[in-house]
Amino acid sequence: MMATIAASGATRSGDAHSGDVRLSQARNAIEIDNVAVTFGGSSRAVRAIDNVSLTVREGEFVSLIGHSGCGKSTLLRTIADIIAPTEGKVAIFGGTPAAARASRTFSMVFQQSVLMPWAKVIDNVRLPFEVGGANPKAGNFMDPHEALKLVELEGFEDALPSELSGGMRQRVSIARALVTRPKVLLMDEPFGALDELVRDTLNVELLRIWKQSGMTIVFVTHSLHEAVFLSQRVVVMSRRPSRIGGILEIDLPEERDLALKDAPELGHHVARLRDMLGAG
Amino acid sequence: MMATIAASGATRSGDAHSGDVRLSQARNAIEIDNVAVTFGGSSRAVRAIDNVSLTVREGEFVSLIGHSGCGKSTLLRTIADIIAPTEGKVAIFGGTPAAARASRTFSMVFQQSVLMPWAKVIDNVRLPFEVGGANPKAGNFMDPHEALKLVELEGFEDALPSELSGGMRQRVSIARALVTRPKVLLMDEPFGALDELVRDTLNVELLRIWKQSGMTIVFVTHSLHEAVFLSQRVVVMSRRPSRIGGILEIDLPEERDLALKDAPELGHHVARLRDMLGAG
Amino acid sequence: MSVDRSIETAAPLPRIWSILPGPEVMRALGMAVLGLSLTLVLWQLVVTLFGVPSYLVPAPTDVAGALSRDLPLLVEAAVPTITEAFLGFLLGNTVALLVAVSFVYNKVIEEMFYPVAILVKTIPIVAIAPVLKIILGNGIEPKIVIAALICFFPTLVNSVRGFRAVNPQLLELMHVLSASKTEVFLRIRIYSALPYIFSALKISVTMCVLGAIVGEWIGANQGIGYLLLQSMFDFNAPRLFATILTASVIAITGFAIVSMLEKWVIRWDPGAAM
Amino acid sequence: MSVDRSIETAAPLPRIWSILPGPEVMRALGMAVLGLSLTLVLWQLVVTLFGVPSYLVPAPTDVAGALSRDLPLLVEAAVPTITEAFLGFLLGNTVALLVAVSFVYNKVIEEMFYPVAILVKTIPIVAIAPVLKIILGNGIEPKIVIAALICFFPTLVNSVRGFRAVNPQLLELMHVLSASKTEVFLRIRIYSALPYIFSALKISVTMCVLGAIVGEWIGANQGIGYLLLQSMFDFNAPRLFATILTASVIAITGFAIVSMLEKWVIRWDPGAAM
Amino acid sequence: QQKQVKLQLAWLFNGAAAGEIVALKKGFFAEKGLDVEILPGGPNSNTVQETLSGVAQIATAYAPEIMYAANQGLPIKTFGAAFQKAPLTFYSLGESNIKSVADWKGKRIGASQGATAQIKVVLDHNGMKLDDITFIQAQIPGLLQGQVDVVASWPTNVAQNVPIVQNPAGYNTQSIWDNGLQFQSNYYIARTDLIGSDSDMLVKFLEACDKGWAYAADHPEEAIDMVASMSSAIEKDKELASLKVIVSDFIYTDETREHGFANISKDRWNATLQTYAKIGEIKPELTADDVFDGSILAAAQRTKR
C-alpha cells in the first residue's frame, strides 16, 4: 500500500531511513524510529500505531492527517514524551523527548483545551513561566498579554475558563503554547473549535510566527485545506493499526497568504490528499 | 448593519416577524422571539446575545455561524432549555422548550463530547432510552448498535470513553443524539473533531437522515463549506453582544452529494458568508 | 417523577460570593434555627407523650431553663474548650495534610504507613491518657493533642484521595511543562483536592470539639468536658443537655465557618473540567 | 527538583484489576507489614532507650508475648466486636447515604437538618448511654447503634459533597434528556460521588471499630472493648496493647477490604471528564 | 523554701476532696512547707499509672485498682485512707422487697464493669455465685426504668440518689461494708521508693490533710465554698449534703476516734486481700505489706475524732 503511494507523483515514502539529500541539509528536529504503541484497555489490547518512522527537519512545518481514531494524537503524545512507545524510539534534536521537555524545546497544544478551571485566563497562559524551572529562561518568553492578543482574547485576562466559549478556551491553550517561544510546536487540532475567520487569521499568524522564529511545527488537523495551506509536508496516516500511508510534499511558494486558500493549486493538493486518505 | 445585509442579494432579514409567505407554509418548529442572554461572571456581566429573533420551519436545516465566542452555543442552549433567556422567549412547535424537552422532541449534540466516563460506549448511547420516561416511546427509537454503525464505531461498544480518541468520543455523542429519532436536532459543532473523510461521510449521512425523517436541524458549525453544503439557510451571527447579522438562503438543489463540496456554486455561497462574517 | 431542575444553577444569574453575612447566610441561619426548632418540638412531644422521665432525657423546656440559668457557666466553659478544639483542629489537620502529601509524593511511604495511621487511629484515648499526661503535663496541651488525634484521620484519608483525583489531562500538561512534583502539587493537586479537603475539614471541625471534650476527661476543672462530667455526676440532666447543646453550637459554628470558607475558596465548579 | 513522573500512569501498560489477591495486593500487604514492623522497631527502641516502664507502654516484645499467650482470648473477643462494627458500619453508612440523598434532593432539608446532624454527632456517647440502654437493651443493639452513630457523620459530609461534585455538562445532558432527579442520581451523581463515598467508607470502617469498642464499654462481658477495659483494670499493659493491636488489625483489614472494593468499583479515572 | 508536691485526684474537684482542698486554700500545706498542686482527675484518668510515672507524687485511689496494681507488682503503696469505709452500696426500690443479699437470687444486679469483683465477694460471702444473679452494666436510670432490680451507688453522692431516696414506696440498701467486703476508700498512694525516701514530706502532707478535713467537718459551708472556687459547676447545696454524709459516715468513724485520721490497719488490708484472692482476682501470696506502708501513719500527728 505504501509502495502505491510512494510511486505516485509528489508523494514519497515515509521511511525516514531512505535519506533524501535535499531534506537532510537542515538538522533533524524530530526523529521517529519504528515506533509502535499498544494500549491495554479494559476490554482488549489496541495497537494504535505501528512501525512509524518519520524525520522532521529543523524549521519544517509538517502536518499529520488521518482518519478519526487512527493514532494522530497518540503519535504526537509519543513525541511529547507523554506516552512511552511500546516499541521503537523518538529523538528530538538528537536527545530524548524527556530532555527536550525539560529544556522547554517544545510546546504542545492538546486536542481538547486543557485549562485549570480555578485559574484566570492570564494565569493559565502564564503557567509555563512558573513551573518546570522556567524562570531563568523567561527572558526569552513572550508577554502573556501579547500571547492573548495574538489569539484575539484581549480583555478576557481575568475571566475564568468556565466563562469562555469552546473556541475561546482553545485559543487560551494556543496562547499558552506560544508564550514560551518553543523551538518545536506540537499542535493537536488546535483550530478545531474555531470559526473560519478566526482560523484564517490564526493560520496566517502561525505561518508568520513560524517564519520569523524558525520554529519546527508538527500540526495535527482534520482540515485538508489547512494542512496544505500551512505545511511543507503532509503526512497521511493509514487506518488502525496506523502506519504512515504516505507523505505529500507541498510545493507551494514559501510566501502564502489567504488568497491561496481558494487557489486551484491548493485544491489540487487537497484532492491528492483526499485520494491518499481514501486509499489508506 | 443588518439592513446592509438584508439588502444584499440572497440574504434576508433575520426578523421572524417580517413574515415571508414562502416560508410560513410549513409549521414553525422553533420561534425565537427577541431573546437576550446576560451572564453574570466573576469579573463582569457579559451580554452574550442580544435581541435575537429567528423562526425555523419544520423540516428546515438551518446553520448558525459566527465568530468564536459570539454566542452560537448560548443561542442553542437557550433553545434547548439549558439556559433561561434573560429577555424574550423561545417556543418549540408552539410550546415551551421545557415541554419539548420532556416529550423528546429534540436532541442535542454538545460542542464538547459529554460522555459518562464510567459507562461503556454502548451504555452512553443507550442513555436516552433509559431516562426521562423514555421507555414508552422507545418503540420508535433506533437500535443503539445501528446508531454506532452510523458513526462508524462498530466494535467499540464495550470500550470506555477514556479509550477513545477525541473524534471517536464526539461520534459517540452524535450516535446518542440520533438514537431517539428526534423531530428537532440541535447540533453544536458536532463534526469539529473529525477528519474530513469521516466528516464528509457523516455530512451525507446527516442529510440522508434529515430528508428521510423530515427532521428540523439547527446546526452550529465553523466550517462555511459545511454550512453551505448542509443547510437551506445559514444564519450569520455578529460579534458580541451577538445579534443576527444576516441570513443567507442557500438556493442549491435539494439533492446534494459530495461532488457539490468542490463545486463553484458552493464556493460562491461560501464567499458570500465570508463577506457577511467580515462585516458582522 | 419530577424532573431535575438542579440545572438551574447553570442559568446566568449573577452570583455574589461573600464571607460577610449576606442574604444567603442569613437564610441558611434561619433554616438552621428552623431545623433545630423542629427537632426540639419533636423532642418535647416525645418526652411529653411517652412520659420520658427527666433524669433520663429532660424536656427541651427544662433544658431551656438550664440554659438560661447556667448561661454564664456555659460561656465560661466554652472558652477553654473552643481554644483546645481550635488548636487541635489546626494541629491535626496540618499533620494530616503533611502526611497526605508525603503519601502522594511516595507510594511506598503510603503503603508502609497508611496501616500505621490506622493503628494510631484505633488506639483508645483512655489507653494512652497517662502517657499524654506525662509528656504534655496537665494543662491545655494533652487536650489539644487528643483533639488533633481525633480529627487527623478523616483529613488524611480525604486529602490522599483528593490529591489523586486530578484531571489526567492537566497532569499531562504539567508533565509536558516538566513541572516538578512540588509544582504539580501547588498548582494542580491542591486545587483538585480542595473539595475533598473542605469535606474533611467539615468532618474534623465537629470531631475536634468532641476530641477536646474527651481530652478534658483526663482531668480538668473547666471546659465543656468538665461541665458535662459534673452534670452527669450530679444527675443534673437539664444542665447536661444544655452543655451538650453548647458543644453542638460550637461544632455547628465551626462547621458554618468552614462552609463559608469553602464557598469563598472554591469558586470554580469542582465537577468541571475545562 | 525532581520532575513529576506520576504521569507514568498514563503510559499504555495493561492494568489488571482484580479483587483476588494479585501481585499488587501481595505487594501492598508486604509493605504494610514492613511499615508496621518499622514502627514496632522504633517503638522498641524508644521504650528501651528512654527506659519507658512497661506498665505505661510495654515493649513490643512484651506485647508479642501477650499476643501469643492470649491469642485464643483475642480471637474470641474479636468475633462480637467485628459483628457489631460490621452491622454498625452498614447501618451508619446506609442512613448517612439516605440522609445525604435527601439533602441533595432538597436544599431546604439540608439547610434545616445539617445542623441537627452535627448536633447528633456532638453528643458524647457516655452522656446518652443510659438512654440507649433503655431503648435498646443490653444486647448487641446499643453497640451497633453506637458504631453506626460514630461512622454516620463522615459519610454524610462526604457524600453530600460527592453528590454535588458532578460535571455540569453531564447535568446539562441529563436536563436535556428530561431525566428525573432520581435518574440523575442513579446514573450520574452516584458515580460522581463514589470517590468521595469510598473515601468516607475508609474513614468510617476504622471509626466503626472504635465505635463498637466504646459501645462495649457501656456494658458488655465480651468483645475487644470488654477485654480492653479489663486489661486496663488489671494493669495488664501487654495484654492491653495486644488488644489494641487486635482492634487495629480489624480496622486495617476493613480498610483494605474497602480499598480493594474501591479499586474494583472505580475503574474510570475520577478526575477525568470526557 | 516550699517543697513542690502534686496531688492527683481520682475524680473531679468535689466534696470527696474537700479536706485536701481546704488544706490548700487555708494554707495548711503551706504551713508545713509544702507547695501543693491538686490535679483534678476524671474517667479517662488513671491515678495509679499517673503516680507511678511521676505525673504526681501523691494520688487518691480506690482499693480494687490498688490490689490489681500490687498483683502486677507495681511499686505503689497506700499510706493512708481518707475514707475509712468504702461507700459502695446496693440500692433497690421498696416495691421489689429486696431486704438482704440473699434476696438477690435470680435478680438483675446493675453496676459498673469494675464492680464485678465486689459483687462476687459479696455473693461469695452470702454463699452465692455470680451465676445466681444476672449482672448488668447499669446506672441509676436502669433501676428506675426497671432494667435492673438492684443498682450500685455511693451514698455519698447525694444528688445521684435523689430519685431513689424519694421513691414513694421507699428503698432498701445493702452496703459492701456490711456484707463481707470491708475495704476503705480514697486511699492516699505514692510510689514505694518515695515513701522510703521522702517520708517527711508525706507525713507533713498527711498532717495537713488531717487539718483540712477537720476544718471541713467544722465549717462545711466554707469548705464547699472553697471546693466551688476550684470547680465552677459544683451545685453547692447538693455538694454540702454530700460533704456532710462523707464527714459523718466515712471520714470519721470509730476507728479514727481510736487511732486517728486516715487510719489503715494491716489486718484490714490482709482481710481484704484474702477476699479478693479467694475469688481468684489476685494472687493469694499478696499481703498487707505489698499494698501498705504504715510508717507515715505512725510518724504523723493525727486528729482522733
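Chains: A, B, C, D and E, in written order; residue numbering restarts at 1 for each.
The rule is simple: a residue touches a chain if its C-beta (ideal position, glycine included) is under 8 Å from a C-beta of that chain, and two chains touch if they have at least 3 such contacts.
Predicted model only: the values in this text are computed from it and were never measured.
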Expressed in steps between touching chains, what is the minimal separation of subunit C and subunit E? 1
Among the remaining chains, which ones contact both subunit B and subunit C? A, D
If subunit E were absent, into what connected groups would the remaining chains fall? one piece
Most heavily contacting chain pair (counted by C-beta pairs in contact): C-D
How many angstrom lie between the centres of subunit B and subunit E, each centre taken as the mean Cα position? 86
Roughly how far is subunit A from subunit B, centre to centre by C-alpha average, rounded to an integer in Å? 29
Quick check: how many Å separate the C-alpha centres of subunit A and subunit C? 50
Mind pulling the residue numbers of subunit E that touch at least two other chains? 43, 46, 49, 53, 141, 145
Which subunit D residues sit where two or more other chains touch them? 1, 3, 7, 10, 56, 126, 130-131, 134, 167, 169-170, 172, 174-175, 178-180, 183-184, 232, 267, 269, 272-273
Which residues belonging to subunit A are in contact with no fewer than two other chains? 39, 42, 82, 102, 112, 132-133, 160
Within their complex, state which residues of subunit D touch subunit C. 1-4, 6-7, 9-10, 27-28, 31-32, 34-36, 38-39, 56-57, 108, 111-116, 118-119, 121-124, 126-127, 130-131, 134, 153-154, 157-158, 161, 164-172, 174-175, 178-184, 192, 195-196, 198-199, 202-203, 206, 209-210, 213-214, 228, 232, 240-241, 244-245, 247-248, 251-252, 255, 269-273
The answer for subunit A against subunit B in the complex is residues 39, 41-43, 46, 65-74, 111-112, 158-160, 163-168, 170-171, 189, 192-199, 222-224, 262, 267, 271, 274, 277-278
Where on subunit B is subunit D touching in the complex? 77, 80-82, 101-102, 104, 106-108, 110, 112-118, 127-128, 130-134, 160-162, 169
Along subunit D, where are the residues that touch subunit B in the complex? 167, 169-170, 172-180, 183-184, 187-188, 191, 266-269, 272-274
In their shared complex, at which residues does subunit E touch subunit D? 43, 46, 48-49, 52-53, 64-65, 68-69, 71-72, 74, 113-114, 135-139, 141-142, 145, 147
